[in-house]
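Written out below as structure tokens is the structure these notes cover.
Residue numbering begins at 1 within each chain, and the chains themselves are lettered A, B and C in the order written.
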Amino acid sequence: MRLRSILGGLALTLVGSMTAMAADPVRVALCYDLSKAYTFVTPQIAQAARDYADILNAKGGLEGHPIEVIVQDHGNEPQRGIECYERLKREGVMIFDMLSTPVSRAVLPRVMKDGNILMQSLAGRGDAIDGDVFKWVFPIGPTYWGQAANDVGYIKQKSGGNLKGVKIAFVYVDYPFGQEPIGIMKTLAQKEGFDLQLFPYPLPGNDQASTWTQIRRYNPDWIISWSLANMNVIASREMKRNGIAIDKYIAVNWFNEVDIKNMGVDAAKGIKRGTNVAGGSSQPLVQQILKELYDKGKGNGDRKHTEDVYYNTGLAIWSIAFEGARLAIKKDGWPLTPQKIKDGMESIKDYDANGLMAPVTVTAKDHGGGGKTRIEMWDGTKWVPQTDWIAAFSDDVWGVVKEQSAEYAKSEAQK
Amino acid sequence: MLFRQAGIFHTDYAADRALFPIPADRWMIVILLVLALAAPLYMNTLYLSSYMLPWLVWTAAALGLNLILGWAGQFHLGYAAVMGIGAYSAVHAQRAGIPWEIAIVLAGLMAAAIGSVFAFAALRVKGLYLALSTLALQFVMDWTISHVPAISGGTQATLQAPDIRLLGWPVTSDAGLFYVALVWCILVTTFMLNLRRTALGRALVAVREKDYAAAVIGVNSFYFKLVAFATSSFIAGVSGAVLIGTFYHAVTPEQFSVDISIQALAMVIVGGLGSIIGSYFGAAFILLMPGLMNAFISWLAAQFGFSLGIETLAHLPHALYGALIIGFLLIEPLGLGKIYGNIRDYLLVWPFGYVKK
Amino acid sequence: MSEPIAAKVLSLNNVEVVYDHVSLAIKGVSIDVPVGGMVALLGANGSGKSTTLKSISGLLAAERGEVRRGEVQFLGRSIGGLMPQDRVKLGIAHVLEGRRVFEHLTPDENLIAASAVRSRNDMARNKDRVYSYFPRLHERRTVASGYLSGGEQQMLAIGRALMTQPKLLMLDEPSLGLAPFLVAEIFQILSRINREEGLSVLLVEQNAIAALEIVSHGYLIESGRIVMHDAADALKRNPDIQEFYLGGTDNKNFRDIKHYRRRKRWLT
């Protein structure tokens, strides 16, 4: 037992960005899956968080307090995610992100009980944007329901404002991530009168052949796809084989430049994706980071990662978290408490990190920040926006959110 | 020496057949029990709630799997699914207003029922075929949970577990939850220790060693395999329910996925097939070692000032952890429990090198 | 007790084997097999006969045993660190107790499988040799070995060992479960091989009557220790051996066994 406590007491953490500043740091914990299922995105996001923290620290941090970014691996195992949370919580960390649906779900009851901030962008329960129920969770960005609704909104625009008779295929990987938008899609199909058909394919998503044969028979006008990373590449191959035009395909946000490369930059021409951040390294914030860090050899990782859309996603998530903490210090002063950070987060208004993402306005009721996305199209060399930042059918989306969060609230009340 | 066989003479059968015939063992058990009971007094809540508690629950679960794998010698690759059945049953029962004490028993019975129905079909085949059909159980459960909203709790596939109440008293403190896990672990351990001395235990070993030899002495191997599956499923079900009640507080399918089945299998194999103390070691090794390795590598990196990329730092512990498992199994193929056994045997016969058996 | 002066093919020196780190099986076992000799190792159940053979052929590791002390010398060379297959290459053949033929292969295939350590050219010649000793195997060479009778399987097991062109053939209870006339037949063949080819044989047996007929020397092992060693004729005459291993002369009271124990101590 003693041995364990000695070993356990050893520094568990990788201290990211520590600059010698007198003031107490604002510490944020990135308990990420750096070794199993989410490795296609976590390194870029962690790198973005550390880079952006360096940039802010060089300018004096958050109202004089430096940011300390703690990165730790939980291997997508709920048990280890909880361990990470419990350990860092005792070390005074108040802002956490798990970036894994299973781990976020597992940590949620503890976060809600302890009252710590859980950033939960793009992972975990979508209904957590309901700030009335999930006081401590900030899934800034769109929910999957919101994304699906925005995709439908885009299709509505393209169809001249009328969806009657339009055929939409919803193809998804058959597990909770892919199943999530089914409800909202059905609701919208009824409301807007478009024809919806569901096409599931099984995990791990390498075999989609029979699914796409069925889609060919259905001959849809649009295809909305809930697939992760390389599953999109496999879908593109099947589409080619079945003679389905690739410009009908709208991917969820987990679709990046690496996947495009795997499809072939020309073959992918015309493919679309919904996203809540502007991709590419031409964004002013990315340019600033490249100039101030990478050009001087001070970057926190591979420069190539900065070209990836997930790097921008990471910047988006963490710029909001840092902004929330900054507002909290500015408004209520040091020392920070979770309550102060919560208030700070909820006073973020029209924040877009210098054009990097959809303008975000967080309120006590809406922890999602508006849930705006836009549809982009790959033109062979870069992503071209097809819409403004939109949040379509938000009443319907909130209908689903409220329905689910009410269920959670009910089970909480039972305790 | 600590353990000493010399000078211990049993004058009646009861003493000879005691669970721990050697006084040193008895003392060790007493000391460990006292240490465990007093743990909340000297151990900080982080270790108590994030290490000790899951370790105890997983040890209980590993013991249940050991019953099937180590005693009855039957493969089971869907053990986590059975734990999941228990977990979901308990949470649903609790949400329906059934007290937790009864809910976990229901969870165990539900798991035992489904486990046995399944075993009824699966046990008609042996060896690798059985392993594959238990894997099928895992996939059927995964699918059912993720496709039947009434079970999984809607598209979020998360069911919040109501807080535990024991005899009407809410148990929410770290110490309280720890004691719940401790009691369950001790119960299962006691059961397993005694199993060796029962007709069931002997029949199971007979079936494991040679099932047709067992058949010619009148042991109905199918029946006993079935009983083993049911009993082990019961332990799995309750362990799953306890894990949710004391640790996760919410149940989701990933907590009982095929990865977890493999992890449970690893606990038993690394710990030692059929070894009770081995299940403790195995669960500790599989559960805590990745974290310790992480800490160790980070510490090394900090000590010697070499900086590693985020990804290297995440993968290195896994590699080292894998190497450790292989290393230990090379040293002693019968697992950590056997390493302990070797040391104990050595001490028992000390100062001699061996005993005549 | 006379020591054979001939050159030794095998010599065990004070060998001690411990199972599972703490469980002693044999202790201080010393055995010599002269080149071209035929030696029997006799003993009751559990006395350590098979353990002794396994320490020679290197099969202890599989049963968590190890040679703690002493030395196994084969043709003057210590073979303690060698793997079983390397010992076969040197010329040690071990016919396992209970035969252990490859049941799904035919006798022919069994024999071919056994020639893995020798060159392909020798294979046909070796096979002919085996078939000439065991004509019955030739008759049944195309049936799956699992269908052979116990005696035939034993012949196959011996034949398989011969395929490795051994210098020392060790047999673990070849008479186990066989009819007396089959035992006689197999033992005759063994002594023929020994006579014609000069192959050294170490025979482990419980059937002392049959064994002592064909060997020149015998060792008696009791509780893991060698308690007696003499020429076969002398052993046959020994009253203790007669009493306990050869079926006895008169009916004796079981209480008299104590006398034997006393005498045994005296002997060692």
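One rule holds in what follows: a contact is a pair of C-beta atoms (placed from the backbone, for glycine too) under 8 Å apart; a residue touches a chain by one contact, two chains touch by 3 or more.
From a predicted model like this one, the values you see are computed outputs, not experimental measurements.
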Open item on the list: Quick check of your reading of the touch definition: is the inter-chain graph here a line, ring, star, complete or other?
Closed with: line
TODO: Pick the chain whose C-alpha centre of mass, unweighted, sits closest to the average of all protein C-alpha coordinates shown.
DONE: B
TODO: Go ahead and note the Å separation of the Cα centroids belonging to subunit A and subunit C.
DONE: 73
- [ ] Give, as an integer number of Å, the spacing between the C-alpha centres of subunit C and subunit B.
- [x] 46
Task: Distance from the mean Cα position of subunit B to that of subunit A, given in whole angstrom - done: 36
- [ ] Scan subunit B for residues touching two or more other chains and write them down.
- [x] none
Open item on the list: Per the contact definition, I'd like the list of subunit B residues that touch subunit C in the complex.
Closed with: 342, 345-346, 348-349, 353-357
Open item on the list: For the complex, give me every residue of subunit C touching subunit B.
Closed with: 18, 20-24, 68, 223-224
Task: Complex interface listing, subunit B residues touching subunit A - done: 35, 43-47, 49-51, 54, 95, 146, 153-163, 247-250, 252-255, 287-288, 290-292, 294-296, 298-299, 301-302, 309-311, 313-315, 317-318
Open item on the list: Show me the residue ranges of subunit A that touch subunit B in the complex, using the header's touch definition.
Closed with: 1, 4-5, 7-8, 10-14, 34-35, 39, 43, 46-47, 71-73, 75, 78-80, 82-83, 86-87, 90, 101-102, 105-106, 108-110, 125-127, 174-176, 179-180, 182-183, 301-302, 404, 407-408, 411-412, 414-415
